[in-house]
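These are the structures in question, set out in turn.
One chain, chain A, links the two complexes that follow: it is found with chain B in the first and with chain C in the second.
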Partner chain A sequence: MDATLSRAQRLRKHLRGQGEALVFLLPAYALFLLFLVLPLLEALWLSLHQEDLFGRGRVWTGLANYQKALSRPEFWKSAWLTLKFALITAPLELLLGFLAALLVYRPYPGVALFRTLFFLTTAIPTAVAAVAWGWFLHPVGGLANRLLASLGLPPQPWLTSPELALPTLAVITAWAGVGFTAVLLTAGLQNIPAEILEAAEVDGAGPWTRFWRITLPLLSPTLFLVGLLVVLKSLTAFGQIHLLTRGGPAESSMVWIYRVYQDAFFNFRVPLAAAEALLLFLVLLLMAALQFRLLGRRVHYG
Partner chain B sequence: MRMWTRRVWAQAILSTLLLLGGAQAQRVTLEFWHSMGGVLGEATEKLVQDFNKSQDRIQVKSQYVGSYDDGINKLLAVLRAGRGYPHVIQVYDIGARIMADSGAIVPLEDLARKSGFDLGRFLPQPRSYYTVEGKLYGLPFNSSNPILYLNMAAFQEGGIPFKPTWSLKDLEEAARKLTKKDAQGRTVRYGLSIPIDSWFVEQISYNSGEYFCNNENGRKAKATAVAFDNPAAAAFLDMYARLVREGVAANTGRNWADSQSLFAQGQAAIAAYSTASLTGVLRQVGNRFPLRTAFYPFLRERNGVAIGGAALYVLKGFPEEQVQAAWEFVRFLLEPETQARWHLATGYFPVVRGVTELPQVRQAHVKQPNYTTAIQQLATSKVNASSAGCLMGAFPEIRQYVQTAWEETLKGKPALEALREAKARADQALERYNRGVAQP
Partner chain C sequence: MGRRRRLWPTYLLAGGYALLLLLPFLTLLSASLRPEADLYAPGLLPPRPSLEAYQEALTRFPLGRFLLNSLLVSSLITLGVLTTSLLAAYALARLRFLGREALFGLAVALLLVPGEVTFLPLYLLVDRLGWLDSYLALTVPFLANPLGVFLLRQFLRTIPEDYFDAARIDGANHWQMLRHVALPLSAPALGALAALTFIGAWNMYLWPLVVTKSREMQTAQIAVNFILNEEVARWNVVAAAAILVLLPSLLAFLLAQRAFVRGIAMGGLKG
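The block that comes next holds the complex of A and B.
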């Protein structure tokens, strides 16, 4: 009895402290509600209906749109392309970000310049980066192919061949994310207590051993978090695809999210597209849950 | 006495209110959504300003709503929401069937007839393009057609004389002759560059007298299937794929700008773009080489091209006086003087008669004869269902399938096979569209 009372009291005290925080959080909550939760609910509502492209004759169809989406071969092709895209983008982005972080996490003269350079890729808006990449990879006059030519190599159809377009887009996406992963991993590396590494050095551990036995295990929470974010980001990459290939050539870069866009805004099948978008949302949600689970179990917290 | 004063006061107030109310009722503000960016956007804003200055009763507020695709999607969104419509909206050529089916617009023909505007003032092709089931629905505002762009320095070098009309066979031969390769066999200058855009497949069909969709391009009755698996479209795609394999034609993907930069730098001798690209391409080319334009190619016999571009539509659901005001704005845009300014600022051609005879237009044409190619091409096109252009729903979706077919041919698939596969998906899309709008 006493225990419950005191628990209630503690809760009340706790809430009183939270009240103030709530006031400050309210604008953020309001925006979150208005721009994320409400559209999500509307998409859910739409996905359970059928209507013509002008929104006339709306009827409740239950899960029919989900059934339809899952029964289309196009959908599975897009899902497969998305997986391929993520499998190239995420490891590459993580690796490049990690290398960049290793180069800049310790202070040395001029480190600020490199930190800025690495973060620049993330600071550049997707649209600007995509246009610049478009010039760089132009099938004939682009710098990339002129560089190849000066090395005596044949030009490559980076974005205009069905074989190369998706990998090229994945590399561009990884490039754009390097700054973001580098910043998070730099913070993670800086959080590793220097004493442990020093102690290990005194005990005779070489740099390789210290990296594998101390740095990497201690960094693993950050690595998992960043890994999760990178995978989720790669599944929702849109701008660069929209600006560079529009899902082509021959639908070789028609990833899931671009399929949603295509179905909603070119094919005018908004309810179907809503169902496809929510299926993607479900996948993202499941993956986030799964990764947090693994995160809790397998990771060293120093 | 007192009573009288009071009555005077009351009357004074009442009449003031009436006057104010009347004045307010007469001043109309119109929303106008358009998709003209860059140079074209500036020209559009200028026309709106000109209209606003030309009278003091109607104020047009124009708003750039993004690309054509964005524009029609914004319209569909407000139609779905049931509020927030503009009075006038610009929608691309291939949205004609969708706009007529929407039931949300006032056919331009009704407005024209009511005010005694003679529809015979329109050139026949723009008029027939936007005519759905015998009625003109939209105002062909910005009208274009496809033309060939020729690098005359390359032509001179290759000893090929200029020609205004081209068959596909001639085009292929010239492209081969104009291609320059280095010692390793790598192409230094391509003979031909055309962006992967369904529009060029549509136009090769029309210009060869074929249809792009059934029921005579959807002009005799509602189109229920596509007809792009025709000999002209197949020959065009096969030729392009063959030339790409030979290193004669460039594959720069779907992005027009990537093909235009190639052409402007002298790395492609012949290209096909819209007449609306002319101002931009001339600017990019600069003094690098003399540029001439020619008619779009055909398979066997030249029939005539259809127009592209976009039309303006007046929306329903507004009070009569606002609809009338919208018509007055539209009518202003059809004045020969306005059409002349628009043509000279953009390269889109005039859609009403009597514009090319105006002195300022004549002068400009003497200075830059390339601007007359599109007009000449239109004037010498046969007027029939083929050159009226295909009218069908689901066109934006179907274009994607045609472009995919084009890309499949570049991978090595025979064009007819690729087009037939695309047709299967396109027919499904069209069938779904027709079923969808039939049962609202």
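The block that comes next holds the complex of A and C.
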């Protein structure tokens, strides 16, 4: 049909197609450009500049902000706290969610109720989760210290001691994420073909053997992927920390993202904060790249 | 029969575990139902249950306004994301044009940019636009998201060509095919994306914290922080406010659990 059209007609048709596509794409991509790409570029620009002392705008300083950020002991302390936070949060969240998933991935009468109860935490807002734990760990009224007392143990300064604050926040974060990991791991467990497990059962493998030799190995790609997601999530945890400890006591829960917030909005060191944010982005990007590689492999060979 | 008997350990384990997980939340509920005098009374159940704390929270703080703000912001964001994502996804999945793969690649690349990294320059941008402390700041930057475009594009590609061919033979243009073929057929994906987006918007914390200044513009999440600071001695009031902030999201979850679960599974594992 196209052969009967003149070159001009074909060009017009082509351009009309392009124009139509543009109309469909414009809303989303204009917003991406303005509110994602532009800020990212501006962060980069900011991080390479320095506020001029005489108020003449910003002057180019190259990598000086990065050098400054990386030479501050506070920065390394925050990076270390973030790592510690992630190393407690991620395995715990994975484990808690996995336990829930194991209890609800198979259908049985009443399973819907338990699924609802376990998946519910995905709907609990961070601020509410934080307040719930704030009360649960309250020095006087909290149940946690009461339970300790009934066991004859001394009360713990959960959120008020520099030693305990960060681990406590990590536990809270893991708790708040149980629903998330439970949903993903339930889906993962349900994707394991039942025939394999049945065949193993016929061959005389007990539930323990089946779990360790079949379920776990077959689930391991999902576990790894979900684990990565949880790590990524924990690296940017902010709300619960802001609500419960404000990064304290004595900066003991001043994780990386909180340091960025602090430097930008309280110390007014915007270029430095931009550099810190981009360094965090670099870490997240490396993690995400790992995730995409694995995802790609799974799609091709899975 | 034997199978039924073997269910009891599961019930016991699942029930016990659920109780353990929900314990902090249950003590919060209990605190919210206590009058101030009973706040520190032992026991999980309030000795003299009362709604005093709720009354106090509702009269001392404009909780209705906070919740309305959150509802408005989350609804607008959800509506925006569904619209912009479906339009872009349709073009990426169904139209032929120059640079299609590159634009899809851009959406995938932008998936990797977490909001926590761009919040600082985004704040400066919103400040320059004069949007601070307004609904514009709370909604406009989030009316499109790469995850939505990505998920819907993947979904639209699974719709068999035949449906579109049938519509094309009837003389439908792309707008009509979007409206009458793509839209109804992607209802499950749209529902999941809506649930995911809504809950994400409802739970936003860092962004509303930095862009809202006046009390009237605060969202429910930020209000919780504010009430916690104001009422640090009266935990029953704090608890009541928190429960009131929780209720809408809980209700939304119970009403659309399937969509939520599908949304998390889709978003988490990226299709």
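Everything below uses one rule, namely that the second predicted complex is superposed on the first by the 249 of 302 C-alpha atoms of A that agree within 3 Å, B and C clash if a C-alpha of one lies under 4 Å from a C-alpha of the other, contacts with A are read in each partner's own complex, and residues count from 1 in each chain.
Just so we're on the same page, a contact is a pair of C-beta atoms (placed from the backbone, for glycine too) under 8 Å apart; a residue touches a chain by one contact, two chains touch by 3 or more.
Bear in mind that the values here come from a model prediction, so they are computed numbers and not experimental data.
Visitor: In the overlaid three-chain picture, which partner chain does A:262 touch, first (chain B) or second (chain C), both, or neither?
Guide: In the superposed model, A:262 contacts chain B only, not chain C.
Visitor: Counting residues of chain A touched by each partner, does chain B or chain C come out ahead?
Guide: C
Visitor: Which of the two partners, first being chain B and second being chain C, lies in contact with A:104: first, second, both, or neither?
Guide: second
Visitor: Is A:248 touching the first partner chain B, the second partner chain C, both, or neither of them?
Guide: first
Visitor: If you stack the two complexes on chain A, which partner ends up touching A:79: first (chain B), second (chain C), both, or neither?
Guide: neither
Visitor: Thinking of the overlay built on chain A, is A:138 touched by chain B (first), by chain C (second), by both, or by neither?
Guide: A:138 sits against chain B and chain C alike.
Visitor: Is A:162 touching the first partner chain B, the second partner chain C, both, or neither of them?
Guide: Only chain B; A:162 stays clear of chain C.
Visitor: Which residues would you name on chain A as touching chain B in one complex and chain C in the other?
Guide: 134, 138, 140-141, 265, 270
Visitor: In the complex, go through chain B and note every residue touching chain A.
Guide: It is residues 69, 73, 76, 79-82, 98, 101-104, 186, 190, 196, 250-255, 258, 261-262, 265, 267, 394, 396-397, 400, 403-404, 407-408, 410-411, 429, 433, 436-437, 439-440 of chain B that touch chain A.
Visitor: For chain A, which residues count as touching chain B in their complex?
Guide: Touch list, chain A to chain B: 51-57, 134, 138-141, 149, 154-155, 157, 159-160, 162, 245-251, 262, 265-268, 270.
Visitor: Which residues of chain A touch chain C in the complex?
Guide: Checking each residue of chain A against chain C gives 17-18, 20-22, 24-25, 27-29, 31-32, 34-40, 42-43, 46, 96, 99-100, 103-104, 108-110, 114, 116-136, 138, 140-143, 146, 175, 178, 180, 183-184, 187, 222, 225-226, 229, 232, 236, 238-239, 242-243, 257, 260-261, 264-265, 270, 273-274, 277-278, 280-281, 284-285, 288-289, 295.
Visitor: In their complex, what parts of chain C are in touch with chain A?
Guide: Answer in residue numbers: 7, 10-11, 13-15, 17-18, 21-25, 27-28, 31, 39-40, 42, 44, 83-85, 87-88, 90-92, 95-98, 100, 103, 106-107, 110, 112-114, 116-125, 140-144, 146, 148-149, 174, 199, 202-203, 205-206, 209-210, 220-222, 224-225, 228, 235, 238-239, 242-243, 245-246, 249-250, 252-254, 257, 260-261, 264-265, 268-270.
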